[in-house]
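Right after this note come the structures.
Shared chain: subunit A. Partners: subunit B in the first complex, subunit C in the second.
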Partner chain A sequence: MLSYILRRIVSTLPVMAIVALFVFSLLYIAPGDPAVVIAGDQASPEDVERIRQGLGLDRPFLIQFGSWVWRILHGDLGTSIFTSLPVSAMIGQRLGPTLSLMTVTLLLTIVVAVPLGVVAAWKAGSFIDRAIMAFAVFGFSLPVFVVGYVLAYIFALELEWLPVQGYTPLTEGFWPWLQNLILPSIALGCVYIALIARITRATMLEVLQQDYIRTARAKGLGQGGILFVHALKNAAVPIVTVIGIGIALLIGGAVVTESVFAIPGLGRLTIDAILRRDYPVIQGIVLLFSFVYVLVNLMIDVVYTLVDPRIRY
Partner chain B sequence: MSEELLGINDLHVSFSTRRGMVEAVRGVTLSVEKGEMLGLVGESGSGKSVTGFATTRLLDAAGRVTGGKILFRGQDVTKLRGDDLRQLQGAAMSMIFQNPRAALNPIRAIGLQIADAILTHKKISKDAARAETLELLCAVQIRDPETRMNAYPHELSGGMCQRVMIAIAISCNPALLIADEPTTGLDVTTQKVVMDLLADIAAARGMATILITHDLGLAARYCRRIAVMERGRIVEEASPKKLFSAPQHAYTRRLVAASPTATSRIEDLVTEEERERHATIVSKPRQQLPHGTPPLLEVRKLAKRFDQGSAAVADFSMTMAGGESVGLVGESGSGKSTTSRMICRLIDPSEGDIVFDGQSIGHVASRDFHRSPLRKDIQMVFQDPNESLNPRFTAFDCIAHPLMRLDGMRAADALRKRVEECAERVGLPLDLLPRFPHQLSGGQKARVGIARAIACRPRLLVLDEPTAALDVSVQAVVLQLLDRLRRENDIALLFVSHDLNVVRMLCDRTIVLRNGGIVEQGESRALFDNPKTDYTRKLVEAIPHIETGPALAAAL
Partner chain C sequence: MDRRTVLKGLAGAGGLALTGLSAPAIAQGASARTLRFVPQANLANFDPIWGTQYVVRNAAALVWDTLYGVDAKLQPQRQMVESEETTDDGKTWTFKLRPGLKFHDGEPVLSKDVVASLSRWAARDPMGLMILAIQQELTAVDDRTFKWVLKQPFPKMLYALAKNNAPCSFIMPERIAKTDPFKQITEYVGSGPMKFAKSEWVPGAKSVFEKFTDYVPRQEKASWLAGGKNILVDRVEWLVMPDPATAAAALQNGEVDWWENPISDLVPVLKKNKNISVDIGDPLGNIGSFRMNHLHPPFNNVKARRAVLMALSQEDYMRALVGDDDTLWKPLPGFFTPDTPLYTELGGEILKGKRDFDAAKKLLAESGYSGQPVTCVVAQDQSITKAQGDVTADLLKKLGMNVDFVATDWGTVGARRAMKTPPGQGGWNMFHSWHAGADCINPAAYTAIRANGDKAWFGWPNSPNTEKEITAWFDAKNLEEEKAAIGQVNKAALEDVVYAPTGFFLTYTAWRKNVSGITKGPLPFFWDVSKSA
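Up next is the complex of A and B:
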């Protein structure tokens, strides 16, 4: 098992290398000369040349790439062109809110969607099933910002149950922290709840047709034991896969949600960096997200082997 | 003498389908006494399994008991709900199923699956349940039960999986066990071991058993009483002896005739009335080939190794003359399917050569063989007609496809003519040609598969268990068809099967395989009547025979 995980980690290295190369090339693929951009409108050609040399942009591509990778491996993501702060510090500041939002959303999604899907499959064709699936279609079709504003209007402005916007760090207490995250998580989670509930239902329907479910019934097992011990675990592989893909999609969704609820997270930082053409920051963020995505995939692969003994490692 | 345990009274079961309600069981009346083993025999669709599922309350959501009573110890099972029902299921009454591997949860260790059944019905600790599980595994004769408890179904053979199922079923000492086709899909020797075990356990524990099967021979070997079902009704109920010597109902007569025995010939497989109807197609004897004719197929020292190194097939040599039929028999895992696939050039041999009609084809890569002009001379009929037909192809497309690909036939008229000719040849009504596989019966699909194989007029037909998925009466017809094709069109048949009775009837010669090597070969009848090796003897003895002849006459 341990050797399998190690092998999987090693096999992610080429992926990370390709991502790094791509992220680094952003600077070259993007229109305009970075040195000109940094120097600003009033700079003379000499200024631009000085900046170019200062950044090492006059050296060959591979050497630049090599020294960039070397710096990253030492934890140096470069310095923001706009704020002159280290990129790692800027990301570090914004990481908390985004991670909080994604974690709460993910937990909410799993806790709500999987049981909904199981119940829909168990009561397939009934009123409950149709109601859940109707909700799923609804959840799919509403954009995050619409759900976000509607929720904020009802629960924050009208009922005044929850704060409208903003973020409180976890260090200031669990409830204040959670309070600020409830509405954004529901808004962001809607689509994933719909998606995962549907996948759970479809997979469970198939599993419930299998012979071993009939065996479980023949043993006299209760409905709960059949659904959760025998069926759900067999349906887990596709569900876990979709949850993993969901995490990747959450990254994109978080950007929009953070704008709607004014959460000072990575999403806001990304938008600002793109608008300012702050390349070192963009590179840092893309690299981080890619790394998280690769890590999530690694975790999913490990979960597969825990769930299904037929998957060999 | 003894009291009634189960009494089924005028049972009706219906299924709601897209085309409305379909009645699967129409008035079954049956009784089972304590400790008795009853055989419930019928072909697919006869309602025998549905009767079993209704009794154990395991019908699909679409199925409903629409009439009658099922009295188990005087209690009407059809009226039970909730906890009362669960106390019955798995405790007083249990069931084992066809295809044991699918019937076990693939991702739960077998020990836990057995313990599930125990813990559902007994209030004991997990350790005590574990100890009982171990005892049960010993009772079903699984070697090394301590380690096997942690095994998953995919790590066990089919026979072992069925033993685990039996362990689950007997875990709470039920009074009634319903075994639904418990050995279908297992090879003959495993079938015998599993059935003997089941019979012993039932006898030792005084458990009544209903054996649901399509195999009359199997029911006759283990049951004192057999009920025959046809289209949702019980048409006859008698002792096996009486059933075989003097079947009363026309359907029973047909079934008895179609069940191959140690002495039956292909012509015997239909009842006398039917034989008269088909009297015109008495086949002419095959003409002897002149001496010194080169063989059609020559296989030299063929071997196949898969990744792990141990050989699936080793040192396999054989020859076949044109129009000859050769049987390839052995247990599952003996390498018979691998061998047949190499000869068909669907997989590549690791060593050795295959010479067809004087040309070496063993070294043509299997993925390029479809371009060889010999592709149309060697065709294959696959095991499961349901799985081997493309669900999006009509019967016509299916038969026409090889003609277009291999014969380069393009003209629509000529194509239609050939396809219809093939369909007629295999007895497939022409109005079925536009249908898709799911609109055809098992026997019709088997015919499509054969028509497809003979469309290009091959000289060698390789058949991999072509009748294993078919009912006996359909099997009888397919066997007759194959025999006729061989005699009239001079097609050589390489017949892979674990059903020795069928091989004995159809094949001139038989090759017995074990662990990838030839154990014995020779003229079929001689080989089966006087097996020279223990292995062949074991195979022959494992066939459930129907005792007929003088011994039976004396007994009556």
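Up next is the complex of A and C:
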């Protein structure tokens, strides 16, 4: 297993290299110019050109790419064009809020969605099943920002239970940290709860038709044991896969959620960097995200072996 | 139903629900010594000479002081300077600094710091460049005295040093001010009333300023950038909120104290909340701009440009921008900011009265226009440019033009508008922008009015008459001469259509009622602003 994990990690290197080349090329040919943004609306074309030179943006593609790769190989993601801060420091500032948001959302999703899916499958065709599936359709259909605004209105403005916006680091206390994450996590989690609940139900329905489930019932096992020990474990592989895909999709969803709830996370940093054409920051974030995607896939593969002993690498 | 409708409805519902309620627990726990402010944009860099965005200028005004400051009457007043003298021929200016001025690192502000700061500023500022062109020497005489010797008089010297248009002549320590003006500084040691807390800076999210206790304010009452800059709170936090509905909710909820520029859609909601005050933020407002490329057909022909002016309805543009609130806009038959001393409508008849499409079409035909595509590059991520672009597309179609509408983002417009190539080869025919009214009170910082061809702002208008009158304004020795020159600038610029003004518009600012001392001005002033619990 260890050698498999090492092989997989090593195999990410060419993937990352291709991503790096692709992103750098794309940004190079993309329209827009950070020097224009820096210089301001009233700047003369000469001023803009001088700033471009100062930033080294007038150099040929290969030289720019070469010096960027060289820095990456030395563990340096570069310096933001706008803030003059190291990209790694900027990502570090934003990692905490995004990781917190994703963690709480993921936990909420799993805790709510899996039992809902199991119950829906168990009570297939009943009112409970239809209610859960109606909720799932609802969750799929509502955009994150609509859910966010409605939650903020009810729980922040109307009931005054929770703050509208912002982020408090965990170091300042668990409740202040959680307080800022509850509404964004629910808003962001809705679509994933819907997705995972539906997948869990569909997979469970199939498993519940299997002979070994009938055998389990025949030997007098309780409903809970049948559902959560025998059936769920056998239905786990597709569910784990979807949860893994969900983690990757959460990164995209976080962009909107972080904007609506003014959370200073990586999603907002990405949007700001793209709009300003802050190339080193965009490149750093994309590299990080691609690494996370690869890592999540690896984790899923490892989890497969835990839930299904037949899978071995 | 779109996203904007949803947020407006929900913010409205929130506003109604909160009317009559007291501030929530979250707000009551907040310190009255910290003022939480939502700025108009993200403070992405913090070098006011290298980056000239308004948000950088606004933050820099807290951290760095200037030698002079313009007051609410648009007059330059002494700020760091104690006295100045000029020789009879107007060529030598000698300035003396106030005693007791200190930088945030505790070092005294000396003439050598001023000389380095002015040198860096002058390399980037349009007025500074004019001074540099006639400069003989800029030297420190002693620790508190410095001298600027010119080859010819420059009557607007004090205005240049006082103006609030970016870049302002902020005073920095010599070692920082010696940075190449086209490279960014990385150390933020200020001379102003607040210190920048770099360790708490999260670009895109939060910037923090702390009171500088060693700052020596002037004794006069504060007026814009002039007078005593007394800071009455310990800390000012700038919280960036990209979503206006979130900012509105945070203001209603007491999580922030002051929102610099609420969007007009949400203002009615804020006005209904008894805990919130709403008023015009900047009385100098903004001027909308329809900028044409003078290098390529059809707008290289003045007849085509005048055809646009004849048909252009400023009311259409302004309603698209500010909605039905008639207090927020006014027609502008000219280029200069209304209600300022030099405002003029001379030559503005073409923008007044009923729009004459028949005459405009005739003029367009006379210009030789024969249906070639007109490339309109319109930034969709800026509400002001998007709204103007939509009106323009309709206007040009009504004129019978073949509109090539390029919907893109501001970053792309910024790069593309610098291209002088024909529209079919990456260039453009027109784009929209807007200019802060503070920049348009006279030609000093009004880059967009310049019409010196290749050296002019994007669109590269060439109007010798306009340039001649701008020079006359710079040489003017009194207000009457200035007014006469500006009248002629307006007339000449409209005749040659340097650009098409789409109207004058204002924006609001909103704050919680436990905050006092907020004044109207071209930037948010934090001196004399206090907050009760």
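Everything that follows uses one rule, which is that the second predicted complex is superposed on the first by the 274 of 313 C-alpha atoms of A that agree within 3 Å, B and C clash if a C-alpha of one lies under 4 Å from a C-alpha of the other, contacts with A are read in each partner's own complex, and residues count from 1 in each chain.
Keep in mind that, in the parts below, a contact is a pair of C-beta atoms (placed from the backbone, for glycine too) under 8 Å apart; a residue touches a chain by one contact, two chains touch by 3 or more.
Model, not experiment: these values are computed from the prediction.
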Partner chain in contact with A:N234 - subunit B first, subunit C second, else both or neither: first
Touching partner for A:A218 - first (subunit B), second (subunit C), both, neither: first
Partner chain(s) touched by A:Q210 [first = subunit B, second = subunit C, both, neither]: first
Partner chain in contact with A:A156 - subunit B first, subunit C second, else both or neither: second
Touch count on subunit A, higher of subunit B and subunit C: C
Which superposed partner A:V307 touches (first subunit B, second subunit C, both, neither): first
Subunit C-touching residues of subunit A, taken from the complex the two chains share: 31-34, 36-45, 47-48, 50-51, 53-54, 80, 82-85, 90, 93-94, 143, 145-146, 149-150, 152-153, 156-158, 160, 163-166, 259-262, 264, 268-269, 271-272, 275-278
Partner subunit A, residues of subunit C touching it in the complex: 3, 6-7, 10-11, 13-14, 17-18, 24-26, 42, 44-46, 50-54, 124, 165-166, 180, 182-184, 186, 202-206, 239-243, 245-247, 249-250, 252-253, 255, 381, 408-412, 414-416, 418, 433, 435, 439, 445, 447-448, 455, 457-458
Complex interface listing, subunit B residues touching subunit A: 56, 58, 86-91, 94-95, 97, 99, 102-108, 116-117, 120-121, 152, 154, 165, 168-169
Residue numbers on subunit A that touch subunit B, as the complex places them: 210-212, 214-222, 225, 229-230, 233-234, 307-310
